[in-house]
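Both of the next two complexes hold chain A, though its partner changes from chain B to chain C.
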Partner chain A sequence: MIIHVSRESLLKSINIADSIVSSKNINIILSNCLFNVSQDTTEIVSTDNEIAVRTKLGSKTDSTISFAANGKKFSSILKELPNDELVLNVNESFLIDITSTSKELKGHYALFGLSPGEFPEIPQFTDDNSIEFDQGFLKKMISKVMYAASTDTIKPVFNGIYFVSETPGTITSVGTDSRRLSLLTRSIDQEANLGSGIIIPLKTIHELNRLLEPAGTCRFSFVNNQCFFKIADTEIISRIVDGQFPNYRQVVPKEYLFEIEVETKKFLDSVRRVMIFTREPAYKIILNIQDNKIILQANTPELGEAEEEIAVKSNKDEKISIGINAQFLIDSLKEMDSEYITCGITGQMSPLTISPLEDRNYLSIIMPIQIKSSHNE
Partner chain B sequence: MERIRILPDAVQKKIAAGEVVEAPFSVVKELVENSIDAGATQVDIQVSEGGLKKIVVRDNGSGIHHDDMSLAVAEHATSKIRDIHDIERIGSYGFRGEALSSISAVSRITILSRRAEDEAGARLYGTEAGFETTGYAGAAGTTVIVENLFYNIPARKKFLKSMRSELRAIRETILKIAIPHPHIAFTLEADDGRRITLGKAESIGRRIEQIYGTGIMNDLCFVRLKDLKIAASGFFSKPHFLKSSRSMQILYVNKRAVEYKYLGFIITRAYEAVAVKGKYPAGIIFLDLDPGLVDVNIHPAKREVKLFDRRYIEQLITGLAEKALSREHTVQDRLFIPSEAEQGAPHPIEGESAPERPGFSSSSAQDAVPPPLVREPAELYHDVEESKRGKILGIAFGAYVVCERNDSIFFIDFHAAHERVIYDSLVRRGEKFESQALVFPVILELPIQDHALLLENIEKFSEIGFDIEDFSDYSIKISAVPALAGEADISGIFRDFFTSLHDEREPGGVSDKIAAAVACHAAKRAGDRLTHEDTDLLVGLIFREGVVLRCPHGRPFVYRIDRHDIERMFKRS
Partner chain C sequence: MNYRKIIHVDMDAFYASVEQRNNPQLHGKPVIVGGNPKSRGVVASCSYEARRYGIHSAMASSTAYRLCPHAVFVNGNFDEYIKVSRQIRDIFYEYTDLVEPLSLDEAYLDVTENKVTCASATMIAREAKQRIFERTRLTASAGVSFNKFLAKVASDFRKPNGITVVTPELADRFIDGLAIGKFYGIGKVTEKRMQDLGIKTGADLKKISREDLTRLFGKAGGYYYDIAHGLDDRPVEPYYLRKSIGKETTLEHDTDDRTLMTAVLKSLSGKVSESLDKHRTKGKTVTLKVKYADFTSVTRSITISDSVSDPNSILMHAENLLGKTEAGIKKVRLLGISVSNLDIEEPEFEEQQLVFSFIG
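For the complex of A and B:
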């Protein structure tokens, strides 16, 4: 059976589908992509049993066929071919013969495919209760908080991003790894029925973040324990993390001891330099805040020490020293896209709250590191 | 009903002899020990028919004064102690004055002896009527000939095993005595030829090599610990060398091989992490201590001794075995010979502030605190002047750092090494420690007895950086964790902690167990991405002096192959 397809769009689609395929998969068929070819479309499907991708591209053929093939090998050869139309010839034993229509190239490449038989059934997108988002909007909701989510899979609830509609017409996304938390609330011009909120696994979040473009729209829906995203020609189907997201509102300080205003870039650069003199996993630096300045200090035995001073604007004449993970501070400051930020201080053992100066709906909360002295203090 | 009566003299003697002389090997043991006490440098033994027909022990020791000869076989006659106080300070093997008298009660004995300073010695021999003494002018030293052993105790004779196994027991007895006396040459002749030839050796290590062969010697490593009262040393298996019996587990107390029923258990426990079930590591251990601290006089054959503080001795042996395990283990450890050769010379106790071994850490309050052991720096570092961490060649199987350093290749188990480094920084945190507060406190439900245990030890948790509160009858609230724990699984830490707390075989106090559980969960695991910086830092840390080269659970994590071994592998040397 002969299929005519653009090399560029086939390569792009295979790469989208293959990105979630795990090479460690025990199930052989799942290390492949499924190709469903009809008269004018080719659908490429992949899954790792937690998340599935279905993406479509235009192609021409006179019949229908389904086969499975190793996406990595397929994309490797496509990458090396000139950008001319391709002719694929798939026979009954799923041998995929790839020919470029380029006049410059005389070659023959045949990739062994597999029968699609054992490939699991992937549910179809349901339009019920679907919400339409601007892609750029959803991308922000994700990217502004995903850095705070736990990469560790021990606590699944934290290994994802929580979406909830706290009040009608708003949507909030939250990420946390239990040592820090990031929260973003934005208003939308429609009802978002998210019930008590849903937790989308971090792997799905990464996939979405990659697929979402600054412009265009996308649709979202969910049923039971699955959620669906439709972004241009690609659908993502993912499980929803089962579990109760903790009460994050309780963590957000209601009032601060005092607040300071800092120039974002200056602060970020400073922390970056000082952090060089810290060690993982604590990356501990000390922020000494007093007299309208912060003195940042790092001191690590057998490594070295650093000290920097930057000017700030404080709303009270207070004085405090807070130990904090410099990496967390950098992660937060990088996402603050305003020239100045405010830092709400609540105490030595209480959270540090960072927000863009004019936007209290985006919060980054970092728990401090306390330096304790042992015994008879 | 029979009346009570005192047994005839001859019967009394036979009964008493039965305690000391249970088989031919015990005759050999008593006689060879006498030779050593007499300062012999050459001891030759001949046995015939498994020792039942004839045992001859000839030495070049100090000899017996010809006038004392008849006393030698008398009961409770000895030259080794003078009054009861001497028993408390026994430096010789014998002291009870029983051996020759007992042997003579159950055999025909002949003693030939001449002191080097005398022109003539004496010959004593037993007859039907008693003992007779004549002159003797042979070589200086003493020869004891024991013939027809147990001829007058048929019952005992019946219980003896075959001649072959009696001979084997004799051979083992001599070898066991020979190990702590490398400067004495030993030979054993049996009916069918030479069975043992041990020339003088320069050290105990060499003697062990003579007995077990160079191959096994290379599978052992020498370690030493000492404090004011006790010098302990021993040859222990490298982790890969395990035997199917406990035959290489021997304990010497002041050079006397003693039976100590807990020895096997202690060694096995120390090797738990590396030993397979049913396989036993070797441990030839020497304890040298003030004779006043040992009671030898509890067993007629002196096979058992009473030690002043069993718990302390056990900790000492465990400490030795752990030290042996924490060495880098090499295909061939050539370092033991020089370090062993200096044995015997009194060692000044170094005043360096050696790192405390976790098990002896005084922070575990419920442990009776033994006198601190002075840990010598591992011999390996004596010749290493540069503190270079060497060149990291790469990471094998995502888990083992391979690094080149000082003409050796090192394999380092990253996870275990990382565990050790985290553990050490938790245990030796000094004055200050860092505690990471949590956004969401972790609520942990615990079985009721664990809950109580935890509350009892809540101080110790907070000293390591946890912030724990009692939450309800069966749950706790954790609102801060040690910053070093990073993103570790908190409930996993507590699960492991309770498992090790309930496991009585695991050494260490509560604080050590908390630290070990944290370290295990915080350490990078096989498969985690390791940056060059991580490996560089870690390798630098573990090659510092004083770092115990085992993970907190006891597994070694460094393996060394010398350039020399690799060259030999390729037939280049």
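For the complex of A and C:
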């Protein structure tokens, strides 16, 4: 049967679906995308058994057919074709013959497809109890905290972002890898019934972050151990991480020894330079805070040393030296989109809390590196 | 039945990969670590690029040169390999203390119980591989199974940078399909003999009774029978459990001079201490060995509550032990000191990343 479809839309949709396909999947069918073609729509489905993507695009044909095909190969050839309409001819043994209507190109490309038979059933989006979000809003809720989540899969609850409604009319997202934690609370103009909160796997979070646009709306719902997102023509269906998210409120300092105000960009640039003189995985730098300044130091045997001084505004005449992972500091500072930040200090062995100056609902908390007592003075 | 969870980690073309990592000019080139091609040396390790020419480790360097004249031959920097090996071993200790290093580039891990409370050995293997890569930029292959033999064969199954899991359910099928030469312990000669007997795969091996295998291959036959049936109960033996660290020296002349003996003990204590430090361990038992001029020998040992590794403590104990021998009354020919009952020294992280203490 013959399918007419725009090359650009098809390429875009295949790329969306294929992005979650793992080349290492043992199940051969899952290294493919499923194509469900009806008269005026093509639906492309993919899954790695933890997350599934279903995306739709317009196409024209006079019948219906389903087939599976390798998304990477399909997308590779489409990428190299001119942007003219495509004619796909799929025969009964699922051979996909791809022809460009371009007059510039004479070519023949036939991709071996597979029977869709073994492709697993993907749950449909359930609209029950769904919440409507502004895409830009959700994107911020995700992108502001995802850096702090653990990339280790050993402790699954850390390998995801936790969403919860702490008080009616608000939503909070939290990410932590147990060495740092990022937390963002925003108000919403509706009830978000998230129960005791849900943990969305980091892989799904990355997918969402890629798909969400600054404008437009999206819908979200969840049942049992699955959650659903509907973003424009794409649906994401994901497993919810099973398990209890740690009691994050308990590690948020309630009061500080003292606080300092720092110019965000200056601080960030300074940390970046000093960090060059550290080594992975600790990336240890020392922040010596006193007399309305921070002296940043790095000293690594057999590598070298660096020292920089920047002016700050302190609310008390205190001094302290804190060891900290420079990469963690950079990750946090990069997400602070205010000109100035405040740094709440609670001690040499207790967390450093960073917030935009005017926004205490966005917190980035970093545990220090225990340093030698010689720095104690 | 409760199965053990064993991981065998094998670095991919370890020495050659370290050389390529440290010298970007060697990237993508056939690199051979080992003897000079003009010498009678052999290939210790070679990069995957070199393997494409049919070069493999233990091959004569001259043969390797003939197969690939443009290969880069390097002498090898073992200090560097030891350094990287230690980095990798430290990663293993993040998961378990039951680590049995087989060489600088491979080790068994028993993660049945582990420090990260993770039930999945596969997850740990994947994670450890990732950490190795993050910290050393080197890749490893891992085999995960319920015994050492299968874990080791599995790690070789998808090289480089692979991971192969052989679950108890899969073991039979996995063994059946295994070429006989792949069985650990079956070398070239035995392989040939098996081939001649029509034993080409694990499935063939399985058909033969224990009696027949023992008749054909002696004691090893029993071992072949067991592994063909997925039976291998050898424990993962951490270095510190099975080793004592010791040094001994034969004196230039037999002597009854206690001052001279003390000097010898002092030197031995220094060497033992150095070796303990190198293995990052201490021990609770100090043993002195004395061989008299008449070739009879005695050992005296003391076990103390706090592990020692510093030369002065070892010397002090050794001297006390020497007093409990007939040294000086009888002439002494050889002196030796060893420290056993070793423990893994907790790496002293005076600088440690702190973590949140989430409770509840």
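Methods note: the second predicted complex is superposed on the first by the 371 of 377 C-alpha atoms of A that agree within 3 Å, B and C clash if a C-alpha of one lies under 4 Å from a C-alpha of the other, contacts with A are read in each partner's own complex, and residues count from 1 in each chain.
Just so it is clear, a residue touches a chain if its C-beta (ideal position, glycine included) is under 8 Å from a C-beta of that chain, and two chains touch if they have at least 3 such contacts.
Just so you know, these numbers come straight off a predicted model, no measurement behind them.
Aligning the two structures on chain A places chain B and chain C in a clash. Once the two complexes are laid over each other on the shared chain, residue contacts for A:K254 go to neither chain B nor chain C. By the touch criterion defined above, A:S150 lies against chain B but remains apart from chain C after alignment on the C-alpha atoms of chain A. Of the two partner chains placed by the overlay, chain B and chain C both lie in contact with A:P351.
By the touch criterion stated above, A:K103 is placed in contact with neither chain B nor chain C. In the three-chain model built by superposing on chain A, chain B overlaps with chain C at stretch 74-82, while the rest of 74-82, 164-172 or 218-226 show no clash. Shared contact residues of chain A, touching chain B in one structure and chain C in the other: 152, 154, 176, 178-179, 181, 246, 248, 251, 280-282, 284, 323, 325, 349, 351, 367-372.
Looking at the complex, you find that chain A touches chain C at residues 152-155, 176, 178-179, 181, 246-248, 250-251, 280-282, 284, 323, 325, 349, 351, 367-372.
Across the complex, chain C meets chain A through its residues 116, 118, 123-124, 126-127, 134-135, 349-360. Note for the complex: chain B touches chain A at residues 429, 431-440, 442, 462-463, 465, 480, 483-487, 489, 492, 522, 534, 537. Within the complex formed with chain B, the chain A residues making contact are 150-152, 154, 176-181, 246, 248, 251, 279-282, 284, 323, 325, 349-351, 365, 367-375.
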